[in-house]
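Attaching a single structure in structure tokens format; questions to follow.
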Amino acid sequence: MADTYARLELRDISKRFPGVLANDNVSLTVMPGEIHALLGENGAGKSTLVKMIYGIMAPDSGQILWDGQAVRIQNPKAARKLGIGMVFQHFSLFEAMTVLENIALGLDTKVSRAALEVEILKVMNTYGLTLDPKRIVSTLSVGERQRIEIVRALLLNPKLLIMDEPTSVLTPQEVGQLFETLRKLAAQGCSILYISHKLHEIIALCETATILRGGKLIATCDPRKETPRKLAEMMIGANLKEISKVAGRTFGDVKFAVRNLTLPKIGDFGTALNEIEFEVKAGEIFGIAGVAGNGQNELLEALGGEVLAHSNDAISIAGAGVGKCGPTERRAFGLGAVPEERNGHAAVSDFSLQDNAVLTARNRMNMVSAQLIDPSASNAFSQKVIMSFGVKAQGTKATAGSLSGGNLQKYIMGREILQNPVVLVVSQPTWGVDAGAAAAIRQAIVDLAAKGSAMVIISQDLDELLELCDTLSVINLGKLSKPLKVGEVSVEEIGLLMGGIHGEVQHAH
Amino acid sequence: MRIKLEKRAEPSRFMLFATPVAAVVFTILIGAVLFDALGYDGLGTVKEIFFTPILASYKWQDVATKAAPLILIALGLSLGNQAKVWNIGAEGQYIAGALAGALVAYLTPGVASHWIIIPMVIAGVLGGAAWAAIPAFLKTKLNVNEVLTSLMLVYVALQLLSYLVTGPWKDPNGHNFPQTAPFTDAQLLPHSIAGTFIPPGLVIAFVLMLAFWLVVSRSVYGFQVRVVGAAPSAARYAGFSANGTVWSTLLISGGMAGLAGILEATSQLGQLNLGFPSNYGFTAIIVSFLGRLHPVGVFIAGIVLAITYVGGQVAQTTVHVPSASGGIFQALMLFLILAGDVLVRYRLVLK
Amino acid sequence: MTMDFIISAIVTVVGISTPILLAATGELVVEKSGVLNLGVEGMMLIGAITGFAVTFTTFNPWLGVIAAAAAGAAVSMVFGVLVLSLGSNQVATGLALAILGIGLSTLIGAGFTGMIVPQFSSIFPSVLSHDPFWRVIFGYSPMVYIALAIIFAVGWVLNYTRAGLVLRAVGENDLSAHSIGYSVIGIRYMAIAFGGAMAGIAGSYFSMVITPMWAERMTAGRGWIALALVVFAGWKAGRLVIGAYLFGALMTLELYAKASGFQFLPSQFWASMPYIMAIVVLAVISYRDRTGSEAPACLGKPFLPNS
């Protein structure tokens, strides 16, 4: 259609933050009804770009054209007025409010409650979505929460819908449903800008892909005509590094055993843990898959000792019961733990790297005598972590918060690994980390296992678990499935378990 | 053109030291203008409040005497503030400490040995700590905000003091004044150490400053307090107990306030009366922030605030400003130091 | 107990509760937006002296109240700039505001001690306002009715209007509100100004209605009671009214105890009663709401978007 303008066109958009050029002359074009992928790894500048389209930030230079007209999008309200809807990666929802109130907040016109309910039902019918408008958001699953955001965006009859990493919190089955909805929307002429770093999804869904790397436009292509490997190389910029893992390894004695670990839920938004049982042998990498919010954080805190079990036998390290020991005692027994949240949990952002070393390594690395901390010892250990793991930082005095996500994660992992743990529990080892750092972290995990540590990896990234782990369990609503041997189980089976469909999984062997 | 804040990669050490100094300087400037605008002699007020106590050597003892309780209380508060445990009821703990110490004194009127001071001081520390234990208990067991409870207890302590000095503890020979009987000679500490203008409280404050300095900068406990304040989840992860920190910081800050209270009672007043509460507990909050929560900073800031106390009284008689003037300067200083805080973590950028 | 006694007790309770109710209503709005302003006591004192001074010069108590509201809002902006634009610690800044208010009001008020201002005349005919029975409804200062109207209006706005929804949203999740496109900082500035104005009016009630005189620190810690009241009410407007009258009843008890020369308990016991009760009430309420789900989720947290 030669007479139609592009729905959205970006011309030479640039945006600079202190110390980094987040977008460097980026251009892209989205046609009406097109599903357009914006592909890039963490830190490539995807989020910055869409925030400018949605009016949350203003570009330093460049032009935005909407239906052929140059526009300035001052704020999200202006964006919605043009017909731009957005579904955020970290949802912009209000936990203590109802679905209806949440949706009303996203609309710019005043609608009565009754009229709004009718409209919501109409949209849900059209796209086959289900939601109870009167429910409080905090009681909903992650998938349902995403639906609120989608309904909120659809109520505005958007001409362009921006989806920021929408599938990172969904089961494979839920992803399928989402794609159905998106295709239906596109067929009606709504353009979709789909942000992701998951290659197979982009190949399955999108007609065009714009690839960003380090803030620069790398290529625009038809993903259906490319191989995942080719796309990945464009995204990462170097030939992909394979993880080197010795095949046919044998494992030693059981080093970590969890028996009948049951904990009540804490607070309104927590998940109870229900009879968790598993064991990990020396050298084994044990993975725990699952959709976010099914008890992963609670499990990590229970394993690390932040929350105590009711009996000592519930958790044992190399045969010693530690269920009622706190984190410091468990570390003395050789347990290391890395929680998902880096800033504020695994590390203190306002503290120097040196002080962050004291956080967990003070006793095992002999930094304390007579209740006094020896700064030279913590400095030396911190320096060693930085050197051994190639952490890019301005020395041990730099604050943790000044490091990029990937570098901080390398530092935290290094801090735990260099303490030679008997057992290391890691949650989301590569969440929000660039590909280079992710590869280094995964390699470090494999190497530590090869030295005889028992490893527990909790992750929502199924691909990562399948690549790293020897054994895998799925956590759903605080219950852990039977352990499955990686290589003998299909993605579909795992997906069903993630969605809460239990039952005996048939083993091929 | 707009002024924007831009986060620094690391906190600025320069600003950390420069902003408290700037806060004092700007307090003087703004104060002069403000008092001029209110129809007083602005320059004269500033001169009397900030400079007379320094220049006139006969005021030094007065400054040192007021600095001692301020520093003692603020040392304890700074520890709590680092853990983001907000004890704003030090005034009540100061009173409770003095009452507990005085109780020991009234139970032992016949003891002629000077050693009686020691149980009195211990009782003072315990009294202050016990008063602070109430918010600690409520915070850790029932999750009650310590800001409000510690503050409410100031009012309760004030009433308790008023009850005791007008009732059971009233001096029978006191011509019906609301005051207790004077302490016996054995129960008194000197106003100042013989031959100097230094009160005993200031010596104790100096020694404790060194102790706090060691604890805060080098000990595992000092580290624990900082982690609990900066990132509660990280503290749990590191194996530090949040409840333990609430208890210990409140007991320590309450004990320090109690110590200040009993020292003030035995070395300066020699009895208790309705005029005993003198806002040291509240002013110490300003001392703590002006001193950047650091023991050495607190020591210096305590002296600065003591100067405004003494200067405020001077200005009252010489340039006839109201008694509240000192308080205005103190509040201004706190505002400015808080505003200056932002420069430590952010830089201002003109766009 | 005679009817007269009951009626005069009710009249006293309602009168004495009004300033706490006004200040707590303002603080409720501030806290609903996610900001904790501990400076209520200071803003009240500023309002008390401003209302008094303006009434003294203009002989018009209405102008006095308006000026008190304006002055309360103005000093609250000092807090607002520090906390919102400079991201300073809310607890410490609120405290600084309280100290400033105490000092500044004493300074300004130094020339006004011992003076008397004209009071509000009743808005109802004296047949009703002085009737031994009907004064229980008609016998109050106009400020009492205005205060009740304000609290009902605030309750309605918070629960049933879009403005209230947005205000609650900002206090519930500032980042979400920001990303949907609401001006978190702007809304919080308005909330803080409203809180300041309410505290100012509450203060003027002390110097213009309770006694037509100015005295140093005449609010006597009621600002802190107002803060406790917001927690007691579980951040709900309706419960605020009940709570305020409960505290009012306690304070009335103190007055009666003093007047009747109750001997079995010292007057200091009654004087400390509101504070002890505030602590007890806070303990009970906090225990019931251990997870803190009633408080606005962002209460007291600084918001500095990095762009």
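Letters A, B and C mark the chains in the order given here, with residues in each chain numbered from 1 onward.
Just so we're on the same page, a residue touches a chain if its C-beta (ideal position, glycine included) is under 8 Å from a C-beta of that chain, and two chains touch if they have at least 3 such contacts.
Treat the numbers as computed from the prediction; the structure is a model and nothing was measured.
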- Both-way neighbours, i.e. chains that touch chain B and touch chain A: C
- Note on the structure: Of B-C and A-C, the pair joined by more C-beta contact pairs is B-C
- Query: Where the centres are mean C-alpha positions, what is the separation of chain A from chain B, in Å?
  - Reply: 47
- Task: Report the inter-chain centroid distance for chain B and chain C in whole angstrom, where each centroid is the mean of the CA atoms.
- Result: 28
- Gap in Å, rounded to a whole number, between the CA centres of chain C and chain A: 45
- Among the residues of chain B, pick out those that touch two or more other chains and give their numbers. 7
- Could you say which residues in chain C touch two or more other chains, in rising order? none
- Which of the residues in chain B end up touching chain A in this complex? 6-7, 9-11, 214, 218-221, 223, 226-227, 230-231, 233-234, 236-239
- Query: Considering the complex alone, what residue numbers of chain C touch chain B?
  - Reply: 38, 78, 82, 86-89, 91-93, 95-96, 99-100, 102-104, 106-108, 110, 216, 221, 224, 227-228, 231, 266, 268-269, 271-272, 275-276, 278-279, 282-283, 286-287, 290, 292, 304, 306
- Message: Give the list of chain A residues in touch with chain B in this complex.
- Response: 18-19, 301, 304-306, 326-329, 331, 337, 339, 341, 344-351, 355, 358-360, 362, 368, 371-373, 375, 394, 397-399, 402
- Query: Across the complex, what residues on chain B touch chain C?
  - Reply: 5, 7, 38, 81, 86, 88, 134, 138, 142-145, 147-149, 151-153, 155-156, 159-160, 162-163, 166-167, 282, 285-286, 289, 321-325, 327-328, 330-332, 334-335, 338-339, 341-342, 346
- Hey, which residues of chain C end up touching chain A in the complex? 162, 165-166, 168-169, 172-173, 175-181, 291, 293, 297, 307
